[in-house]
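Below, each structure is written out as structure tokens.
Heads up, the next two complexes both have subunit A, just with different partners, subunit B and then subunit C.
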Partner chain A sequence: MALYDFSSIKNDLISSLWKKNIMDIGNYIAKRRFHKQLKTLTLTHPRNMAEIKQLEEDKISKRRDIVGWNCEYQPCMRLETEGIKVKGGTKFEHSIYLDSSLKNNFNFDIINLDYTSQNPQKINGRFEDELLSLEHVIISRKRCLNDKKYSLILFTTMINTCDVKPKIIVSASNKLNPHSKPLAFSQNTNPIVNPIDKIDTISEYYNHMLERYKLKYISFEDKTIKLDNTTFVYSVASIIEW
Partner chain B sequence: MSSSIPIERGTIPFRVQGDVVSHLSIGLYRNFSRSIKELISNAHDAKANEIRIGLHFDERKIVIRDDGDGMDKNDLARLLNIGETTQISDTINELGRKRIGTFGIGVLSVFPYSETIKVITKKKKQKLAYEVTINSESFFKDIKFDIYDAEAEYIAYESDLDIDEGETIIVLNNVAEHIIKDLEDKRGGFSSIEDYDGLTKFKWYLSQYCPIRFNDKQKKLKKFFNDDDINKIRVYVDGEELFRNVPENVEIIEKKEMKFGDVILKYVIMSPMKSIRPKESRGFQVRLRDVAIGLPRDFDVIKLSSFVLGKLNWLCGEVHILEGLEEHLMVDRDNFFYVDEIYAIEEYFRKRLIFWENKIQNMAKNSKELYEIINNFNEPQIVIKEFKSSGIIKIDKEQLRIPKKSLKRRKYQKLQPTLDIFINTLTKNNMQVEIKTEKTISTKSLEITKNKITIYADHPDFKDYLQYGDNEYIVEYSSWDINKIPSICKLSKNEIIFNTQHPIFDSDLNLDLIKNLSLGFHVILKNEKNKSILLKEIENLLTSTFT
Partner chain C sequence: MRFRIADLSERTKLLFDIQTNMRNDIFKKTLANEDTIIEDLSLKLNAYSIWTNILQENPIAKQMIPEIFIDSNSSILFGCFGLYKYAYMCMRSELETALRLIFFRDHPKEFKWWLDGKIWYPGGNTSQVWGRDYTYFTNLEKIKMFDDNCPQGRTLFKEKNANIKKSYKLLSNYIHTGAKNFQTSKDRISPSYDLAKFNNWVEYWKIIESQVNILLCLGFFEELKSKSSDTYKSIKKSIDPIFHAILDGFFL
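Now for the complex of A and B:
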């Protein structure tokens, strides 16, 4: 069972952060088209698919061009009644580096890594896996670029009292790209406890990927929403030029 | 994608009652949409608020989920006990609904269309979800049902829903290729529903059959049929909500509640004042317990009446049976057994159709006359707009096939001043007409208030003119003895007077043609030495040829 009800937070994020970036990517990729028909992958939940409705309303994606992902079997069954393609039944952050059919067909224009929709638990290692999935997404997307120059990546995670171990992130990231400049955080060895420092870790990681994969951020916006004294939701919206 | 970790496994018996199989045939579910309708009826009876249908063409899979009461193991066993009838009950549940299903064969509806059917269900107030897979393909051979007793394997696991929530998910796997092909079909006709693209056709049938609500735009229909949104089941296909089919721009022209013996019904008759498309929407849709009984019908009015009913395709309606007739419903739910009340109902609606067809024919005729007159006004579009907004003209010009130019005289053409024709036509339409002659010409030719039209008779719109070259001639009518003056007309400087007694005006020739020709001849021969003789010869030739 979810610890928090993330539905209202999602609605807040859509109106204050995601919608504008969704409209912008639509203009970047398909400026002249009325129906943009961009391909979207979204981590979502049948109880709140507001982002899918927003994509439809803004004519950015049609349902048939949307892939919804949920890590659990039962929500996946329910998502299948919504007219979108559904994948999942496993954690996305694991599948993106284990599932070759997913990696090799990663041609999405909009990638919504909303980990708050996946029943996030208060367990160690969750945050690290989620953050690393960003780099896997960059690698997979780059492999399947075709003629598309831009992508929108939305990354949303829950920051709580669990320690974040930067060593794990550094080790895994450097293995992905051993010939490039190694990742280094300002706090490289000790577990990170403070929520502000955890948010800084995310920013540092984004900067590192910019350099490592020669990306350009057309836009980079973030928002933090407090759930209680020790728990936050942090969301980043970035439009990437390849 | 694998299912959740099972807590329990077993089998559920799949049984067939007595002589149910003899009622079953491919004909029972000719149409895939009707099969899905049965599942929707089941969800309706299970008190679902909504049912969602997801179509996955590339995987040949259809997933249907409702949020109704759900089922436990015993309920599943009852579901799979084919032919176990439920007594017809008039009990209204807490959602204001009467039970639809009675024959116990609803679940069979989808058997002919997929290789396997998976049912996942969780009952309200219980924790476990049950998942059973039925090898539906094996119960259907050579386009016939071949139902036999069997055991269906199930697993049970902890549901992620709240304990107070229920659901039933039905997954049709490996749906028959011809069904997928039909749904994916991209043709684009509009005359018959069979010409529509596959997905639109599928949604149209569901919207026609199912006990769903009218669109919010249909306020009058909602009010008359007590269409209580809160208690109606909502049906979604690929995220899009379906609403009851109502042709665009219909007006209710008649509505009543009637009694025929023990049968009580409510009905509306509607028309959009043009031909209704698709053609399957024409006629009356009969509903019992809010579910369509067959498709709209005209009760064989054309076969059984001796009239030509050209405007029948402008009529549609809804007939909701409020009480009675449940026990007379056939197994296919397309028809009733023919009892006295059915006979009386059909006879009644045949008469209503003939009545309204006649009325619309007259309206069309009057409207044509008005359009023809108004077309000669200075600003016809403004006048037409006013006539339409006041409801005097209800039919668009495009629906009336007003011929542009014709040699033949139109039936209703009269040799009268436009003003007189106009006044007559308005009076026939039950409009109160006031005529004003002003010393100065009004800028408007007429004014419309509630049920009255004020005509400014001196306005140029009501003067008849003919044009020849750069000259305009005022048209007047008179009558004189053709033995004394045989001419069709008299022409002066800027006026032409026609003799209404001349036999040429009794011919089949278009009156405008006669008038224009007469004027033309007079003008052309104006300066001829033998003008009178020539005119006489020409007019005699016309008269002898066409009378």
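Now for the complex of A and C:
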């Protein structure tokens, strides 16, 4: 069961943050094409598929080039009835490093990691897993680039009162790439409590990946939406040049 | 060419009309009266997503757990449509697939044979992949421990009339359509929402759900034990509370 009404939040994010970046990536990758025909992976839920409709309306992706993902089987079944390819039944943040068929075929131009569509629960470790999935996405995408130069990654997460343990992120991230400069957060190893500090952690992680994987951010925009006194939705849109 | 219902042949159109009626009449009537129960059953189904997530690296589980889910989900759909006999048939398939999964977990070679349609097990078509009766399961360490801790009448396999044996036998009566398990009645051929039949089916659905999840907990003990206690607690919601104390001893 969804704790909050993420549906209306998604509509806000689409109009104020995602749409512009989606149009931009369309121009970066396929400027001359009328229909951009980009491949999209979107973490989504049948209760609101507005981003899929927007991608079609704006002639960015055709339905056949969109892969929807939900962590539960029933929403997956419902999404399938909409004529999009569906993967899931598992948590994306785990599958991106456990499922070899996913990570070895990760050829998406637009990657929408909207974790608010996956019924996020108030449990320890959720935020860390979601954040780490960004690095797994970068690794997987890099492996399958072919001749592509740009990608759009949208990352949206719920920030709540659960402590964030930087130690977990640092340890897992450094294991992924032991030969590069190790990740270190300014918060050191203490659990992060303050929501502003959690948002800063996301920014620091993005910067770390920039350096570690030699990326260039063509754009980096973010938005914070308050749900209540202790809970926020934070979304980042970044166009990456590989 | 544009598809129009009105253009269908006579019998096909009749089939379509029957289906539409089932959706509009029986399903809605069921939901109008039982939405809280259906919501509860749907929530319990989420355990299978949790299992798939835990067992992502197990190719056998990856193939079989979605099948267990769809059997369970289909049982709910048939129950909502008043097709109670078929709802039970789905549950029998679900239970059998779960038992096979527990067997194949430690028999990957036999799993491949099974996928290829080979019959290697004694008794051939009159038997199961795990052999005759349920002897295989009674020898599994965690299942044995669980049954040893169960009070009389609550064991999975240990007793002569243990719960899973009882369930399998009862559900098989729907597969083989025993006289007491007809979908039709003297007065009616078509399905309808029936409170007593609905309640019986729900009660049994919960029993099977509980048994399947207990089997998975014990059959994939190491995998579940390696996860946080939150994962076990989430799965526990699909298990009959009378077994919680015993399972807590394994996982908490």
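To be clear about the criterion, the second predicted complex is superposed on the first by the 242 of 242 C-alpha atoms of A that agree within 3 Å, B and C clash if a C-alpha of one lies under 4 Å from a C-alpha of the other, contacts with A are read in each partner's own complex, and residues count from 1 in each chain.
Criterion: contacts are C-beta pairs under 8 Å (C-beta built on N, C-alpha and C of every residue); 3 or more make two chains touch, one makes a residue touch a chain.
The model shown is predicted, which means the values in this text are computed figures rather than measured ones.
Visitor: So if we stack both complexes on subunit A, do subunit B and subunit C clash, or do they fit?
Guide: Overlaying the two structures gives a clash between subunit B and subunit C.
Visitor: Once chain A of both complexes is superposed, is A:C71 in touch with subunit B (first), subunit C (second), both, or neither?
Guide: Second partner only, subunit C.
Visitor: Could you let me know whether more residues of subunit A are touched by subunit B or by subunit C?
Guide: B
Visitor: After superposition on the shared chain, which partner residues are touched by A:G83: those of subunit B (first), subunit C (second), both, or neither?
Guide: first
Visitor: Once chain A of both complexes is superposed, is A:I123 in touch with subunit B (first), subunit C (second), both, or neither?
Guide: A:I123: touches subunit C, not subunit B.
Visitor: In the superposed arrangement, which partner chain does A:R63 touch: subunit B (first), subunit C (second), both, or neither?
Guide: first
Visitor: Between subunit B (first) and subunit C (second), which, if any, makes contact with A:S95: first, second, both or neither?
Guide: second
Visitor: Choose the clashing stretch of subunit C with respect to subunit B from the list 1-9, 109-117, 145-153 or 235-243.
Guide: Comparing the options 1-9, 109-117, 145-153 or 235-243, the clashing one for subunit C against subunit B is 1-9.
Visitor: Which residues would you name on subunit A as touching subunit B in one complex and subunit C in the other?
Guide: Touching subunit B in the first complex and subunit C in the second, residues 1, 72-74, 77, 89 of subunit A appear in both lists.
Visitor: Which residues of subunit A touch subunit B in their complex?
Guide: 1, 52, 56, 63, 72-78, 80-85, 87-89
Visitor: Within their complex, state which residues of subunit B touch subunit A.
Guide: That would be residues 1-4, 52-56, 61, 63-65, 120, 129, 159-161, 167, 169, 171, 236-240 of subunit B.
Visitor: Please output the residues of subunit A touching subunit C within their complex, sorted ascending.
Guide: Going by the criterion above, the answer is residues 1, 71-74, 77, 89-91, 94-95, 98-99, 123-125.
Visitor: With touch defined as at the start, can you tell me which subunit C residues reach subunit A in the complex?
Guide: 42-43, 45-46, 48-49, 52-53, 56-57, 66, 69-70, 73, 228, 230
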